[in-house]
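Okay, so chain A shows up in both of these, paired with chain B first and chain C after.
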Partner chain A sequence: MNVGMQTVAAARPGLGAQIFSMIRKDLLLEWRSRSRLVSLLLFGVVTLVLFSFAADADTARLRASAAGFLVIALLLSSTLALSESFRLERENSGIEGLLLLPADPIALFYGKALSSTLLLALLAPILAPIAIVLYSLNSSVGGLLAMLGIWALAAAGLAAPGTLYAAMTSRLQSRDVLLPILLFPLVVPVLLATVKALTLILNGDAMGQLRPWTLFLLSFDILHWSLGGILFSYVCEEA
Partner chain B sequence: MNSKAVTAVGALGLAMLLVGSTIGLFVAPAERHMGDVQRIMYVHVPSAWAALLCFTAAFGLAIASLWSAKPRYDALMVGTIETGVVFNALLLAQGMIWGHAAWGVWWDWDVRLTTSLVMLLLFAGVLGLRSFVDDTERRAAWSGAATIIAFVDVPLVYFCVRWWRSLHQIQSSPETVDRAMTLPLRINAIALLLMAIWWTVFRARLAMARRQEETVSQPARIRVAERYEHA
Partner chain C sequence: MNVQNPQRFAPCNGSMGPAPSDAWKVSLPFPAAERRDMPFVDSEPRPRVVEARDLGRRFGSTWALAHVDLVVPRGQTVLLMGANGSGKTTLLRLLAGIYRATTGSLSVLGRALPAERMECRRHLSLVDHESYLYGRLTALETLRMWARFLGKQPSESALLELLAEVGLAEQRNAPADGFSAGMRKRLSLARTRLEQPQLLLLDEPMSALDGDGRRIVSSWIEECQQNGHTILMASHDIERVAPMCNRAVLLRQGQVAWDGKATEVVGNRVVGG
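What follows is the complex of A and B.
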């Protein structure tokens, strides 16, 4: 018995390898169907189009609110991505299976959060140019690259607490309502910092405010990625 | 803490609130620039302190609950969150009344107001989460984790007026305020603290009783259901 347990312990890969395996599994599943990425993209594009009508299709108003519209499109897409990610695990008892391997809950969290971040970050190279065209924005290649960087930080800020909350709510019947209720107020700092940073990139940064807002976003990410890693094992144990 | 002691703490809190508010309304001088509308500060500031204290206590209790898995900590945590949410709602309502008189608007997207509203939504969300989870141990673990996450906003509420430009004033020092004004403020602060203890203990007892009812009666319910199935 002891020999068997030692064999299992020795065969367990390190944390980095487990996280990599989790990301690989999630991205492989995504690649096989591509349904989630396609639906997220379509959802993001439809949201951007609808915002045009909310602003009365007025170019000046659209330009002024473009950063906010982009961030709201990302936020709405993130709830879809996160709940869908855990729906697959729930239907196939995936989390229980992974814990029985035994996979480290910390690896589960970082694997899930990183794959969600990647998926959400992938929306930027498509949604940002669409927003530039739809809202008549002026942006250089450098500006576009800076937008993608900020978008990736925002995606990470949404994915970390979102993964923790999605792990909890995916078990509940009212998950579609609860996830936004829990996540949206929490990520107000992400929305605020991202909107400010994107607006500064699009409209110019005469006062050098981009750096502090980016650092604020980064601080939020570091805090919630750390907290999520610590708390996920408690959430998993009771899942 | 026995029932009589808790009731005594609550009664003392109520009495002190009456005394403090009477001094604040009728004895303390009117503020030079704002006039009588400033008197709402004698309940607004203590409400803010009580809410922040409740949420800080909830954070500590959430850590204790996750660490030890003792139901007592979970019950006290939900008690402090419920009490904190009430004080937070009162805080926003009082702030809006004052804001309408002083700024001419009920609401402004100022950083202090926004973070306070977010704090209310976050902790109300924890209570919402609890109401959807039937399993008692899962409910304790999940709401403990959600409370720790929600607490991140609490230091932001306190320090935001120093870190960012805000319409809301920064924290006052007793040295810059007349003693006739600090007295009702301090009495009401202690009064609301005592009332917070009273409500928290009362709600925690209710949470414990509910938990016991759920855990004790669940097997009984299952037995009854099984009997009907076999019948």
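What follows is the complex of A and C.
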């Protein structure tokens, strides 16, 4: 055994260090398969374009539904991202190998959920300007920043339960069908709150409703990020 | 002790009914009292690294392992033998805490499984049929990632040295998805070197390896033995592996059918199935 390895201290890494290692690993894998990120972006863009065709050239209708179209694009992209992320984990039982090291399942959950959130949040700076152009939206810089904030909360709201369900379904043959079936009903509150909040940002918030919807979204995120951390070990290991 | 009696064991048909019972237990080729007297099982005052009592594991309606009593003291190298489907891999994965026992109790390194599996895994390493690799990471990146999760910060040169040790120095920057089965096995073995475990669980450690690879594994096993580490090794390559072991356990239909000195199985072709 080489001397260098033996002399280096091997203190157990903390939860934060493990989460960081997981994010680092996931982002490196994403970088190695950039085609996946590009296909995710293209999927989001194509979804927005198709919605614009579906709503015909009615500008008023497009503006009124723009927030919903954006959120649906995010929701559909999220299932692609989450399912692919766990396909890589199951390919050679990579996640099982990490658990054997042993990595803390809580760290694996938060690492994966955070990297998925980051990936989904990255869609916003691309999709939001495209939506503004396609749907003839009027938005200030402040409005755009608020949109990005809400988008990040929505991405987090999809990533936490999505990571849990993607882990649950990743061993099944019909995972690509099961993941949306399980995830979509659960994230209806995210869908509602995000559409409401984005509509208020884009069309004006005369009644000051943005704050309660944002808090509602934040509460959903906190609840599901907490639950996911607790339940993930039961999902990825035999309890 | 005669182990050349394949007729005493029913062929493994994979299905064993709804629950384990004494009725289908295979008969042992020696009296129970003789087994208790075996000097390498219980009489030595060494700490017990593995202690399984009435261990059983069911997959659906099939019992992969049932009524297994196994005590392994520290420093012992145990060869697990048996035909395909006899329960070797299941036993190793139970010991690693990947599976949960359906029946019985299991203690590894003094810790009860599965309750204390995290603590337990810090001191054991499993090399099995899974490579646990991420295909898009290079060999060097893979080792670096494992080291981070282990809380180690080996220098670049230490990792390169480790890769050279397993014969992957030239492939250090090649992604693992282009590796052959043997190269994947070598990288998995490098992981056990990073882990420096007290208990080494090896499932077919020689499979897919060429002559050089097998020599590396043999020398590592020898080194672990010199350091007083405990090894449980499942293999069909009895002739090659048995001389490295001081105890052999034969599994048949998920049960311990024979437990004796490894020297007694060398030259016996019936035990591996």
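What we mean here is this: the second predicted complex is superposed on the first by the 227 of 239 C-alpha atoms of A that agree within 3 Å, B and C clash if a C-alpha of one lies under 4 Å from a C-alpha of the other, contacts with A are read in each partner's own complex, and residues count from 1 in each chain.
Here is the rule we use: contacts are C-beta pairs under 8 Å (C-beta built on N, C-alpha and C of every residue); 3 or more make two chains touch, one makes a residue touch a chain.
Note that the coordinates shown come from a computational prediction; the quantities given were computed from them, not determined experimentally.
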- Message: Output check: A:Leu101 vs chain B and chain C. Expected answer is one of first, second, both, neither. What do you get?
- Response: second
- Message: Going by the contact rule set out at the top, does A:Arg32 touch chain B (first), chain C (second), both, or neither?
- Response: second
- Query: A:Gln209 contacts which: chain B (first), chain C (second), both, neither?
  - Reply: neither
- Tell me which partner A:Leu178 touches in the superposition: chain B (first), chain C (second), both or neither. first
- Touch check for A:Ser219: first (chain B), second (chain C), both, or neither? neither
- May I ask you to decide whether A:Thr59 touches chain B, chain C, both, or neither, giving the answer as first, second, both or neither? neither
- Item | Partner with the higher number of touched chain A residues, chain C or chain B | C
- Pick one for A:Ser136: touches chain B only (first), chain C only (second), both, or neither. neither
- Identify the overlap between the chain B-contacting and the chain C-contacting residues of chain A. 237-239
- Item | Contacting residues of chain A [partner chain B, same complex] | 161, 164-165, 168-169, 171-174, 178, 181-182, 184-186, 188-189, 223-224, 227, 231, 234-235, 237-239
- Note on the structure: Counting only contacts in the complex, chain C reaches chain A at residues 96-100, 114, 117-118, 121-122, 125-126, 130-137, 141, 145-146, 148-155, 157-158, 161-162, 165, 175-176, 184, 191, 193-196, 223
- Could you please specify the touching residues of chain B with respect to chain A in the complex? 66, 114, 118, 121-122, 125, 128-129, 132-133, 135, 137-138, 140-142, 144-146, 148-150, 152-153, 156
- Query: Across the complex, what residues on chain A touch chain C?
  - Reply: 1-2, 4-6, 8-13, 17-18, 21, 24-25, 28-29, 32-33, 88, 91-94, 96-104, 237-239
